[in-house]
Structure formats: structure tokens, C-alpha cells
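Next, two complexes with chain A in common: one pairs it with chain B, the other with chain C.
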Partner chain A sequence: MPVEAMASAVGTSTMEITVSKFELLRELTATQGVVERKTTIPILSNYLFEAAGDKLSLTATDLDLSLRTSCVAKVKKDGACTIPARKLHDYVKLLPDADITIKLLENHWVSIRCGRSNTKMVGMARSNFPSLPAFPTAGIIKIPAQVLRGMIAKTCFAIASEESRYTLNGALMVLKPESITMVATDGHRLAHIERSGEKFDGVSGEMKTLVPKKAMDELKSLLDSTDAESVDFAKDESTLYFRIGPRLMTSRQLTGQFPNYEAVLPKDNSKSITLHGEELSAAISRVAQFADERSRAVRLKLEKAELKLSASSTETGESEDSMETDYNGDALTIGFNAQYILDFLKAAGAGDVKLELKDAQSAGQLRPADSEDYKYRYIVMPMRI
Partner chain B sequence: MDAFFVSVEELFDPSLKGKAVVVGGQRHERGVVSAASYEARKFGVHSAMPLRTAAKLCPHATFVDGHPDRYRECSEKVYRVLTSFSPLVEMASIDEAYLDMTGTERLHGRPLHAAHSLHAKMKADTQLNCSIGIGISRLIAKVSSAKAKPNGILWIVPGQEANFLAPLDIRDIPGVGKVTEQKLQGLGIHKVGDLAAFDDSFLEQQLGKWGLALAGKARGEDAGGWFDSEVGADVAAKSISHEHTYNQDTADLQQLESTLMRLSEMVGRRLRESGFHAKTIALKLRYKDFTTIIRAHTLAVPTQLDTEIFEQVRALFRRNWRKGAEVRLLGVHASSFEPQADQGDLLEDSRRQRWQQALSAADRLRDRFGESSVSLATGLKGGFRERTHENPAGLPGKRKSQES
Partner chain C sequence: MGFSDFHGNSHVVQRLREMLAHSRFPQAVILAGPAGSGKYTLALMLAKALNCLSPTNSDGLPDFCERCSNCVRIAQSEDLRARFDEAVEARESLRETDRKETRLFVQTHPDVLVIPPDPPQMMVKVDQVRRVIETIYYRPGDAKERVYIFTDSAFMKEAANSLLKVLEEPPEFATIFLLTENSGELLPTIRSRCMTVALAALPAEEIEKYLAKRRPDWDAKQRALVARISEGAVGRSCNFDLETYIAARSQALTILRSALRGTEHSELFKVTETFRAGAEGREKTESLLRTTYSLLQDLMFLASGTPELIRNTDIGIELRKFAESCDFAWIAFAADRLNEVERGMRRNLLRSLSIDAFATALEKSS
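Take a look at the complex of A and B:
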């Protein structure tokens, strides 16, 4: 073999690093969610490890969503390798708290040594790993991390999981120079939250982005475990970028038209009652035990000074609960899917909620009775009962 | 009913009377014979035969396009006559029915007497000839009515069932086709009498459940398949489908999609008629070389709207059609019937309601002016003639109300 060829072959297939178990495991855990459990493309169940300077970069992708993170490492030889993601995570969890040495061997095998433990894992060629888009250098918008986290938590449960309505498989994020809005709907209910009084440099007019459900979920869990103040957000024609501290999440954009949600926001729901959120949640949970298992329908009967909740099914029986209210209008009976109401009450957290209705056929609205910083509302279509 | 489609055509064009007539399309067209007049049958023309073959066998025949609207209308008249004789009427096809006459003797007299009144009333009310077979089972009624044709009445006196059937060909038994015939002939069975001579257990051993049913049939009993259900019992439909075979294979996307639209409309119309909402929508696609694929999609919310059915089959079509490949047949199939969804929809309800209203209005127009009186624009571009088929007019689902 010619000398040059041999040198280059060796040059592309080395990597040797030492990293603390704690640091490595933290990043492995943060990125696990991206790795597809079932994939027809084997390389997608692997991590890409890249070592350079004093840093180890880890990348996981399912082609739609990618997550790139890094941790401090002692790099003896620069280079890259790929390692089966779940197996590595499961194994590293079991290692003692000590330094781990990772070294690329022949045939893409990777040696993992820690204390008296010694493992060789079967990897794949680094060249098989898909290349990922790079973070843009311009057009970066800073979004306060905890604001974004709260807004995701209050909307993401309403995203459709049914695939036939493609544009509902994500949430709509609307950025304006001084406000941020997030909307999600599955056609049965819609969660809408708006926060004004922020300042978004670089946003002029209205910037609408459809964020896929998986990206929302991953973003939420990244935000749960960060102490970063803000998220750097950018997008180009096909990709969304969210950078949180050392972690970068990229996601393919959902294309298509999000439905005209403003048209379905109720305007004249004049029958309004204020309820204690936790009490309502407890009452619904109780009666829902006896709801039809498929439809989960519970009946809400609005009467003077009282809200009666009930559910029944031929298999299990019937159940009723009632709550005192400040209601003084005409009586009204309406049916809802119990889960839809519970989802909102959980997301809204402690405090009073307002339930605003029009009639038995029109969408009802729920919102926190007093929210100063956020305008949060939840629209639910009733069930025919 | 005797030569039903032909007789109906004769009502509209009396000059056809006494001639060799083939209903189903023109002599050069692809497609099959829906019905042939008795004169044409003498030349060997029979239903389900390719039109071109019929033209060769009987070159002087008059070829007439089918008019499903007319047949449905006449079939409904027939049904009204029948229900005036017995409440238990089962339309087995568009021109065949079973009547359970049990307990009507005081009203209509002895069986032959009742049959004669029915025959006369049928002629008076519909101007159509029918043949009537009378027996202790639907099987005997069916076989004897076939033997009574044309325009006759045949009563198999109770106790004589086996004697009546014994000399008949096994093919005369409903349900015995080429395959069963060959198997039976392999066993030396040619006549129904041969069949009756074998033990039930032997036939079961040879042909399984079907053999057991055959043994019963050979004795003149209702056995096997839908013969097991009560006359007039509502059999809930499991699916609704419509198909179209092109006269000329085509790869024209616009034509293919408008055919899908038309088929979706036809399926939607029948869903609404029967009060069903379908959760599964399937596409059937047959290429020039007869390779056939069926692809289905399950909806989140069951539907009975033409537009939603079309949206699904078009998506299935676009995903599965080999671009440029010539298509011979398209079919749209709806199944997994459910009641209307309980859960309201924020985004779609008002749109759905508008469509529901528009389509119900279109249905009423069709009831009055015929199936092709109104159609969605996409379906018009590739409009085709509805094929004549023998499903009873009221099926599936609830029987048509009498005043309709």
C-alpha cells in the first residue's frame, strides 16, 4: 500500500478520549429521546461522537429531528466514531462514577474502558451518519427559556397525534416584536397562549412557525433541564434551530397551512362560571371512572348556584358529583370528553378557572381566572350526549 | 321478473318487443351483457358474456345501453306489489324476491290461487311479466320459478321436492358454479338425484361445510349461506362499493380522478341513504394487465360525505398508481360502519354541515330526476354511465320505506 494512502486511512479512523461518567451520562440522557426505537435505517440508532480540542460532541438524529450536544473531555486523538445509542446509554448508566476512556478500534468497533470494566461495542462507519444543517449565523432571535418552556407545557398536549391532518401535528408559534403566541389543536380542542411585553429583536411584523410535535416534546425536556436564560431561535427554508446553552436542536419545519384558528375562538360565550381548578379536576376524575370507556363523555349540568357533573355507562354504572358556583343564568347541559378537560386543568396548574359556555352544541372555553402575564385559553368542542 | 332489464326497456321503446335485444352497452364496447331477451338467448347470448361475443353470436340483435335508474324505479314498483301480498319480502336482487306467505291463506287463498292473483296484479301495476315458483323453501321457490319461466307459475306440492329436483342438473342448484360442478362430476354426480343418493357425511368429507349444505339443498331444504336467515330479516350491510371498468384503458390523470369522484359520489349517496358513516375507505385499482391492488385508509372520524371519501381515495390513488400505467378498472369501497361521531370538531363541523346539507339536497334532486341529474364538478369531467347491476334497489341497510 502506498505510504500516503496508509497515512490517510489511519488519519480518518482514530479517536481516543477520556470523559467523566457523570458528564457523558448527562448528555446521553438528554439526547436519548431523539433516537428512534424502531428505525429501518440502522445508522439512526447510533450516536455520532466527534472529538476535537477539549470537547466531545454527541449527535443523534432521526432525520426529522437532530440534537447535538457536547461535554468536556480529554482528547488524546481527534476523530469520530458512531456507537449504538441505547446500548451505550444502558451500559454507561451501570458504570461506576469514574473516568471512561473511549477509543476507536478497527472495523468501527469502539472500546469503552472504565475502572476494571472493559467493553467493545460494534459501531458503524462515521461516513454513514447523515450530515446535519449548521446553525445560521444571522437572524437569531432570543426567547426567554422559561417563557418558552411554560408555553410549550400549556399547549403541546393539544397537538394532534392523528396523522391525517398533517398541519395539526405541530404547534404554531407566532412571534411579533413584542409578543409571542403559541397555538395547538387536534380539531377537538385548541390551546392558545399569548404573552406580550417581551422584546424580540430581529422580528418585524409577524413570524409564523409550525413546530412539529416531537420537536416540541424534545424542546420541553431540554428546557426542563437547563439553567440557560434564553433560547437562540433561527430558521431557514426547511429547518428550525433552537440552541439552548451547549445543546442545539434542529428540526425539519412542518409545511402547510395551519388552520385559521382565530375563526373558531368563541366570542359570545356568555354563560360563565368560576370554579376551583383542583376541585373541578377531582370531581371530573371521579365521575369519569364511570364514563363510557371509548368516548370518555361526562355531562356538565349548569343550574342556579350549582354545577352537576355526571357520567354513566351500561357496563360500570353511573356517578354524579356537584360543585357550588356563582351561576345565575339559564340551565344548560353539555357533554365533554373528560380527558380534554383534565388535560387543561393539569396544564393550567393551581388556582381558579373560568368555564364559559354558549349552548350545548358550541365550543366551550376554559381559562385561568386570573393570569396577568399570559393570556391563556382553551377551547373544547362538546360531545353529543 | 322475466328478462327484467329487457322488459323495462320495452316499456320505454315498444318497438323492441319480440326482437333479439341485448342490454348493457353497444356491440363494439368493452363490458358485459346485463340481460338478453328470450329471442337473443336462442342464439346463445346470456348475461355476463362480453358484449363483443354477443355481437358475434347474434349479429342482428339490437344493443341497448342499460338504464339503472329505470330498473331501480321499476324494481321499487315491483316491491310495492309484493309487500301488498306479504309483509315478509326479501329482495334477493333487483328483479328477484322471496315472499313468505305463511299464514296468508285466509287472505289470499290456496298457494296457486294466491300466485295467480299476484301474477295478475304484477302485470296490471307494472306491465311486466313475472314467473312464480311456489314451494316449502326458498330453494324450491327459486328453482321452480326458473323452471316456470317465462311468464309461468309452478307449484311443487309438499312432499314432492326430491322428485322434482332429482332429474335436474346440479348446475340448477343456486350456488353451484363451474368449480363445484367439476368437483361433483369428478365424484360421478351429474343430476341432483345423484347428489341426494350420497350420505351427508360423505359430501361433508369431500366438500366441507358446502357439501353439507348441498346435501340439504338436494332434498329441497334451505341450507347454507344466506339461505339460513329468515325471509325479510334485515341483514346489516358490511360495506358499500362501486366500480367502473373503462371502455378504453386510460392513463389520463384527470379522467381517472374524475371517475374516482363519481364513484365516491355514488358510495356517499348510498351511505347517506342507509344512514351509515364509514371509517375505512379503500381504493381498488386494476391495470391493463389485470394486476389489481386494493389500498385502504382508516379515518379518524367516520364519514358519509362524497368530498371526504374522494379526498381519501384520491390520496390513495396518487400514492399507489404507477404513473402513466393504463388503468382498466377503478373501485371505491367504504366499510367499518359506525354511528356518527359523538365528538364535535372545532375546525370541520361547520364545513361538514354545509356539505351535508348540500349533498342531501343533491340526493333529493336525484330521487326526483335521476342519478345523473346532479354531480360534483370533478365528477362531471369524466362522467360515465352507471353500469347496470343486479343489487336490489333498497340495499344495503334499511329497506326503502313504502311511500318512497
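Take a look at the complex of A and C:
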């Protein structure tokens, strides 16, 4: 053990705090997602607790992603310890609403007292806990929390989960002085959302960041449970930082070049129809029951004033639905993966959607008919049917 | 300290360090060499040298400091056996459902991942390789280079296949080490994507000298014996388990005796019966095969008039008796058959029957 680590181990061999169950449980729940369940590296299934001043900070990490949060506590003795994360969370959930006293004993044992309950758990040496990168002091960009949350919800479902295409395992966030864009694709479909009219200080030109899928998911759940107005974002060579109120999430950066998505955005899809989103979603769900299980292909047949949806498979039979439309162009038949369309309709929420097509071989574009502040579009490659 | 601690194969080490010096270290390296030849030690040393925060120089070539936070944390992986046991224990304490999906890893530094074969089958599994693929494209945090070390080349078939893509185009900041006793065991498509570095066996005299320093508790005779039977592997010699070896050898002797003397088979069957299925039986069979090879080699040395080369010096008299009753053709035949048994093991043939068949096939038709 190096000298510094030894010194800090000695220095942190005490800790005693009192914290309300409500506060502690809230932070434990917020960080559970980061704690690895299936790991054989014992320290990663532990929380790092650090007490100083009137604050308890909790840290969880899986080495790629880490989350640090804090809550108010009565600190009797400054110090730090590690505690098995799952067990602690499960146990604290069951405690009555009262103050909890956490005290570090010898040999990394930790005592947890609450009312008439008394528990001891064994943690590990604090020095084993991986060190976390510190939040940069410069180059911080403020992003409105609800804007970021909406953009993540509208794109993250399109991120690839295929391991072989690693640059698609994240979403691209493009910041410009007056706009923010988020793009995600898995090679078959692409979700693109842009919001202009914002003001981002400290951004000049174009700042592109690839945000890993895991970070997107975690960020979304953090944003769901916050009332903070804005997110502080920063990055350095290896790490991305998102600070939401008292919580700081850091993620390692993915390498690689995000594909040139601008080239695939359709420009001359002249055949456009407006449909009711929920009706379309219901119709596709029905028809898709009879689609081929592997390809999930449904056929869309555009005729005058009518859209016919159909699917068939040799095993289950065939099904057809039709919807009224305002269409009066040439007839066109095109195939799409039902799931891809449903994913979009779910993310787009209630309201009318516009389906814009060119021909049976070209990508189709879907977007909300009345997108006010956001430019949201979704591009799906057609299927041969 | 540093690379000077690595014993033997100095030209290989030097070549690797020259590559480091020119920043031309390959992204995928197969380190091949017999058990105990220092593959893992060397891989960790290279991982340290790649990531050392205050790199030093020795003999004009890059070295590492062993004191910076990167070196210290990587060094915690050195005792692989202990880390492996900890990981197994950690898995045992998981919930039943999680346990099944959990694979073993050793990671004492966030950017250096050691992938041991997963028990109970002791094979590298596809989920382990998936983890490598999932994490390798993340930029290193504390280090300069992400290092992945596969400690064994016993890959499940899908695992080996899924490794191909990442071996072919790893990110510029990652290095993958594949350690193997026999690089022929790896898929040709894996081999063609890696640079193979072989660690050769050391001469017995050199190991004897090394043992004199490292194991003063052993007497000279024991050191001489171990130096010979450890087949030129330094690491193996230094922690040589003589008892296990002698147990395996006495079984091998029983087999040869029954073949050469043509006694009845009850004794033979008593021995072969103990080779059961499972990882434990595999280890036992492997050590039996290895000792049988070494005995056959000794017999050949005796038969061809170079008795000074024999390894099992402690049973020279018995070997000499054996040697009188066999000729070169028989030894060659036996080695051939043994090779077949070994191949059969890879196809999961029943162990005890294969060894029975081997022993009876060797019997001299008298």
C-alpha cells in the first residue's frame, strides 16, 4: 500500500453520522441503478459513504459509469466507509421513518441503528474504492433539465444494442450556441430531435458528444426524479460529466465516429399523409399480431383517401386494418418493421403524426404534425415485402 | 525492480520493450509458453509499462516504477490465484439467479481487465468476451492504455468467434493479451490477427541457479530434480509441488510397467478408475499425460545412449531397467498413442477408458 493511501486509511478509520431515513433512502434509490449486481469485483457492489461538514456523500460506480450524490446529515465524526449496496438498500427500505445512525467500527464493520433496530454489516477498505474524476471547473454548459429529458426520451429507444456496431451504442448530442440536437440510430432507423432558440454559453461552433446508452438511461431516470431546472454538462478527454442538483453522474467516453447521419435524412419525400397517432398505433399493434415473427413486417398501402395496413404469415394467418386519410396522390405500397413504428408513436405521445414517403425503396419519415418547439423526426428504412 | 525481475527469455523481453520504446506495441499479442514460464507476469509488467505514470528507463529501454498509483493497482492482480478465489467467493455470495449470469473477472485497476477461465468448466465463456466488447470502446480513465488479459486459451467456441471482430479492429488505446500454453489451441483466425511471442524453456542449470537463490529451504538434490522436471519454466519450478508430481508419476509408471511387464491388469485398473469426469479429473489427466511424456523422453535418452540428459534423476535405476526392455520403435509408438489420448481428451472421450486402451495397446505381444 502506498504511503498516502495508508495515511488516508488511518485518517478515515472513524465515521459517525445521523441521517433521516427518508433522505437516505431517496439517495440510495437514485443510485441503485449504477451498482452492479452481477460483478465478481467485490468493491463495485459497495457504496462509498463520505461524511464531512453537514453532508453525507454517497458514491456508486461500475467503473464505466459512476454516480455521486449527497444528503444532509448530522456528522459527529468526519470519515468514510464502504457498505454493501444491495443489502443496505433492502434493509433501509424496511426501517421505520426515523433517524438512522451509521457508525464505522473496527475492521470495516459498520453499525446501523434506527430506533430499536440494530444491524452490523461488513464493508471494505475505503482505499479500495476506485477514485472518481473531479468535476471540471471550466467549460461548464447549462442545459435545461426538461429539454434534455424530453430529448433523451425521444431518441434513446433507437440506440443500437448490437455489440458489433459500437459507435451506434450511444446517442450523439450536438450543441451549438443556439441549439441542441440529439441523434440516435441502430442502422435501420434513426431518431433526430433538435431544439433551437436556447442559449448555450460557452459553446462556440459545434460541440459533438457521443453519450453511451447506459449513461442515457441513467440520466433519464435521474431527470425523472429531479426538480432541478438545469443540468451542468462538461467533458474532458476521457469523461463526460452531468450534474443535476446535488447529484453528479460521470461516464467514460465512447470512442469512434458517429455515422454521417445528415446524409440519410430524406429531402424529397413528397407523399405526405397525416394520421392520428393513437389510431395508427392501435391499428399497427393489431395487424402486427399476424406479422412474421422474425421480421415483424407490416405492409402499408396508400390509396386515395385510405391507408390499408396488412400483415400475413404462413403460421398465424393474415390481418388487415384500414384508416381514412387526406391522401390523394399516386398509390404506393411499402413495408416497415411494426416495432420500429410503434416505438416512435409511443415516444411521440398523443397527437397527429405525419408520414412522409417517396417510393417503396426509400426511407420513410415520421414526425409529429404539430411540433412546436422541437424539430423531431424519425427515419425508418423500408422492408422488402 | 521492473523488467529486470523477469527471469530468462531476455531477448524476448527486450524485443517487446523495444516495441514499447518506439510506440509500436501490437494491439493483440499471444504470449505462448509452458505453464510457469512467466506469461502472466510478463503481461502484467507490460500493462504497467504501458500505463506507468512516472515511467523510468533501464538499459535505454522503457521500464515502470512500481510505485505510481497505476503500477500499484495493477500489481494487486499479480496473485492471480488469490484474486480468482476472491472472485469465485464473491459469486458464491450472490443471489441464485444472479449467480448463473455472473462471469468471473479480476479487475484491480479500472483500465486493466483480467479474464480468467470461468469455473466449473474452466473455459473462457461468451459472456466474458461480450464484457470485453462492451467495455473496450470506452476511453481509458486513469490509464493511457486499456489492457485486457485472457489468462487461458480454453475458449468456448462462441467465445472465440465473438472475439474475432474486436481483435481485428480494437480501438487505438487498447491492447489485448492472450496467454496460452499451446498457441495451436487457438483458432487460426485468432492467431492470424495477433502477434505471437513465444517464451522458451530455460536450461536446467539456469533454473537450478535461480532455485538456489529463491528456495534455499530445498536441498541441492531436490533443487536439481525440480530444475529438470519443471521443463524450463521458472515460475513452475519455484512453487513446484513435488508430491503431486510424484503421485502422478507413480501412476504413469504403473501404466508403463503394466505395458512392459505384461502383468495382470488389476493394478492398472485401480489407477485408471480414479480418472473421472469434470475439471478436477481433467487436471489430473493432464498431469498424468505430461508425466508420461517426460518418462518416455527419459527412456528415449537412455535408449539412445545419453543418460546424462534424463530428467527424473531420482528414479534412474528403475528407468534403466525399463529401458532395457524397450526399443526406439516402441517408444515412438507409445508417444504416438499418447498423442492420440491427448487428442481424445479434447473431444471429451471417457478418460479412464482412453487410458486403459492406451496401456493395453502398448503391451508387447510376447
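Worth a mention:
Rule of thumb we're sticking to: the second predicted complex is superposed on the first by the 374 of 385 C-alpha atoms of A that agree within 3 Å, B and C clash if a C-alpha of one lies under 4 Å from a C-alpha of the other, contacts with A are read in each partner's own complex, and residues count from 1 in each chain.
Note that a residue touches a chain if its C-beta (ideal position, glycine included) is under 8 Å from a C-beta of that chain, and two chains touch if they have at least 3 such contacts.
Worth saying up front: this structure is predicted, and the values here are computed from it rather than measured.
Placing chain B and chain C on a common chain A by superposition gives a clash between them. In the superposition on chain A, the chain among chain B and chain C reaching more residues of chain A is C. In the overlay built on the shared chain, the residue A:F22 is in contact with neither chain B nor chain C. Of the two partner chains placed by superposition, only chain C is touched by A:R252; chain B is not. Contact with chain B, but none with chain C, is seen for A:Q361 once the two complexes are overlaid on the shared chain.
Once the two complexes are laid over each other on the shared chain, residue contacts for A:L190 go to chain B alone; chain C is not touched. Clashing C-alpha atoms with chain C after superposition occur in a single stretch of chain B, namely 315-323 (options considered: 117-125, 315-323 or 351-359). The intersection of chain A residues touching chain B with those touching chain C, taken from the two complexes, comprises 164.
Residues of chain B that touch chain A in their complex: 297, 299-300, 340, 342-349.
The touching residues of chain C, when paired with chain A in their complex, are 67, 69, 72, 86-88, 90-91, 94, 98, 101-107, 110, 130, 133-135, 137-142, 162, 165, 171-173. Across the complex, chain A meets chain B through its residues 162, 164-165, 185, 187-190, 259, 264, 295, 297, 335, 337, 361, 363, 379, 381-385. The touching residues of chain A, counted against chain C in their complex, run 1-2, 37-42, 45, 63-64, 130-131, 133, 163-164, 166-167, 169, 212, 237-239, 252-256.
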